[in-house]
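Several structures are given next for inspection.
The following pair of complexes shares a single chain, subunit A, combined with subunit B in the former and subunit C in the latter.
This part shows the complex of A and B:
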């Protein structure tokens, strides 16, 4: 399995080097994409200095946690998002007869993946950690990688669930788009600004709040925590991520057993 | 091809192209639901964000909460039309080489893309009705006076054509590069930010505002929106619409030049 995974990365990097201009353009897009989100936050908080007690420095850090988890997900598990496409054109049937686990087979399909977004995210996270005045001690250095990993697993779990739904409904573009939007736009702000229903949804149904809000509340020593949970729940991200991924994987296996294909 | 006798111009074929485009777009039901669903989600999100910001801070001059909610709602409704890349078929045809057969037809190829794009946009414009109804459940949208609405409509039309030219030019770059997606996404994101679709340009630092108002992105979203909410008053209509018109002329001329240069050097990959 490890050997296969190594090959996967070798091909990815070689592909990226082969299409160099295209790679550079996509790297530029990653900068514009995250840059415009951060610039929007900056402009808004330039006019309105406080959002529920969070200022721009806090929000920049909040975005950094999400961005890093998201970039790590896109780097490692990008292929999962392609499952609906594979199901549609019948490519998925071919993966079913691979000797290794089907989800693993999906993940190791090479693309033009290069860890440019991840590098960008790590640099940005480093800068905002300093900028937001987060105390960097041994505990912080130990916890942050786990929190990031937890966020990555949460995103992976959601994508596995959406991919599984494609076994039945084939075209899930609409659903995928809406889930993506929920994640990217609703994680940008402290969830305290949302109605109680949305907060509960982002905490317990699709636990995106564990990607950045709860950990940020803990690291920034924010007094309030939405839903009255103690700030230390922020450190539970990896546990939430693993649990959620477990549920998602069980659903994936359930779907796989009933997978019929679209008839090619 | 240039030697062929040009048939007299007739409008009917282009009307047909437009109708065909409407029918084609209507077949993708899922995309329709996505647009409307995502529209509702965003308007709900924006309402919560602005309400939270206005609750804890002093309202900026000239834009009270109800005005900013109106601004956001109208911006999203405009996005249903302005965010459509109505010339994407040009890229597709350049990419798979089928553009060649279009050049052999007795039609004006740019006009064909214009008709096709207009049909596509008209279909998306029809989504404004259900979206507006949905939006009214979520936020209150102010309705300005008739004169303001007329100025807004004119400004919106100018903005639409500016957007059309930008999309046309972007798709034309495929004559040279064959691949345009990354560049296109970069421009889309810059338009969202610098055009004032997400945040009104009047919230930007004053030094930046002057530069931003002069860019074509502002001509697409910001100018019609600021007219709608009254931030640009009747005394400034002439200059605001004038800047839009200048951009339209510049970009339309650029489109013509790029199209001429591009269509002379068509490269078709393989067979």
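This part shows the complex of A and C:
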């Protein structure tokens, strides 16, 4: 499996080098995309200097945590989002005859993936950590990678669920965008601004709040935490991510049996 | 040793009834009707290790559905499939190691990169030992002449080159069985011959079992003696190609080039079968009239410059079976 994963990355890099211009354009896209999101935040907080006790510097850090987890997800697991496309054009059949777990086979499909967005995210996270005045001690350095990994797994789990739905309905591109949009909206602001129902949803159903809100609350030593949970729950995000991914994977296996029964 | 076995294989698809037009499509948003379609039924056959079999049938006959069940992509509705001793859909990963698949219409090579990079990735996926990999690659290059384009991005290869690459890709892990779905579709004569040679060599040297679906019966004639014909989901013939030709290829065509422009050409014992200027085609049953007799009759009545006999090609025989049905034809004619 490791050898396959290594080859997958070798090919990704070769492909990125084969299309240098496109690679640079994607890097530019990442700058524009995240730049505009951060600018929006700045405008909003220029009008309202503080949101539930969070100022622009806190929210810039909040965004940095999400951005890094999201960029890591796209770097490692981008192929999962393409499953509906593979199902539609029949390429998925090819994955079913590989001597690999099918989800792993999806993940190692080489493509035009390059960690440009991830590099940008890490730089941005570094800057906002300093800007928001987060105390960088050994505990922080130790915890941050786990928190980001947790966020990545949460996003992966969501995408696995969306991909599985394609086994039933084939075309689910709208659903993919809805979920991505929800994720972006609900990770941008501290969830304390939402009603209790939304907060419960973001904590227990689609646990986006564990991608950045809870960990940021902990790192920034915010006094309040939504739903009255202690801020330290933020450190549970890898556990939440693994659990959620486990659920998503079980659903995937269920959908796969159904696909094999029906075909498209 | 039996390597592939199917018993009463059946596959039923359930699909939404699509009503015509925009209004029909809107109505389907709110209420859906389902219909069941039997794609394949009563498919029974077995293959011995090292055999090559041609699996033939018109479009929509159930060829792909059968192949998908044999490769483990689909689970049969009922019946049993066993490939190399295992049930493919239940042990997909193990089955994946046993089989190689070439879809003529769909490449497994990486579009943007040189051929050799795709092979490297497949080496890792199938966990082929390095020395075995190098040995296979050298051998395949000799037969398929891969060296010329090993470093060219796949998107720049001609269809023939790409198909050669796909064949090598499917064989790199020494599969016991290969499934070839329309492997020569769209290829020129040279590429077709290279591919056929490759299949024959793999079968001879390594004892690879081959299941071949194709519309090009020349593939079948070149590679195999046994064919399975499928139509409307069931097997209508399983046996030797030669026997089929013997039983159904009873007609020959006598092609005569006339020296003068005769208005009507009629010869006892033959039916006119088209005319193009001075070239006249006469169809006859070789069990009813000997070619020699017929030629003599032609020479007695007309002045000609050339004469030849066309053998029935397997294509026309198979087409006849599809349209008339196998049993509707006289089974064994006196020979």
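Just so we're on the same page, the second predicted complex is superposed on the first by the 259 of 264 C-alpha atoms of A that agree within 3 Å, B and C clash if a C-alpha of one lies under 4 Å from a C-alpha of the other, contacts with A are read in each partner's own complex, and residues count from 1 in each chain.
In this text, a contact is a pair of C-beta atoms (placed from the backbone, for glycine too) under 8 Å apart; a residue touches a chain by one contact, two chains touch by 3 or more.
Everything numeric in this text was worked out from a predicted model, so none of it was measured.
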Touching partner for A:223 - first (subunit B), second (subunit C), both, neither: neither
Touched partner set for A:8, first subunit B, second subunit C, both or neither: second
Which superposed partner A:36 touches (first subunit B, second subunit C, both, neither): first
First, second, both or neither for A:195, with subunit B first and subunit C second: first
Partner chain in contact with A:110 - subunit B first, subunit C second, else both or neither: second
Partner chain in contact with A:25 - subunit B first, subunit C second, else both or neither: first
Partner chain in contact with A:46 - subunit B first, subunit C second, else both or neither: first
Touching partner for A:186 - first (subunit B), second (subunit C), both, neither: first
Residues of subunit B touching subunit A in the complex: 30-31, 33-34, 37-38, 41-42, 45, 48-49, 51-54, 56-57, 60, 179, 182-183, 185-186, 189-190, 192-193, 198-199, 203-205
Touching residues (chain side subunit A, partner subunit C) in the complex: 3-4, 6-8, 10-11, 14-15, 18-19, 90-91, 93-94, 96-102, 108, 110, 112, 257, 260-263
Residue numbers on subunit A that touch subunit B, as the complex places them: 22, 25-26, 28-29, 32-33, 36, 39-40, 43-44, 46-53, 171, 173-174, 177-178, 181-182, 185-186, 189, 192-195, 198
Complex interface listing, subunit C residues touching subunit A: 13-14, 65, 68, 71-75, 89, 92-97, 99, 101, 103, 106, 108, 110, 112-113, 117, 120-121, 123-127, 153
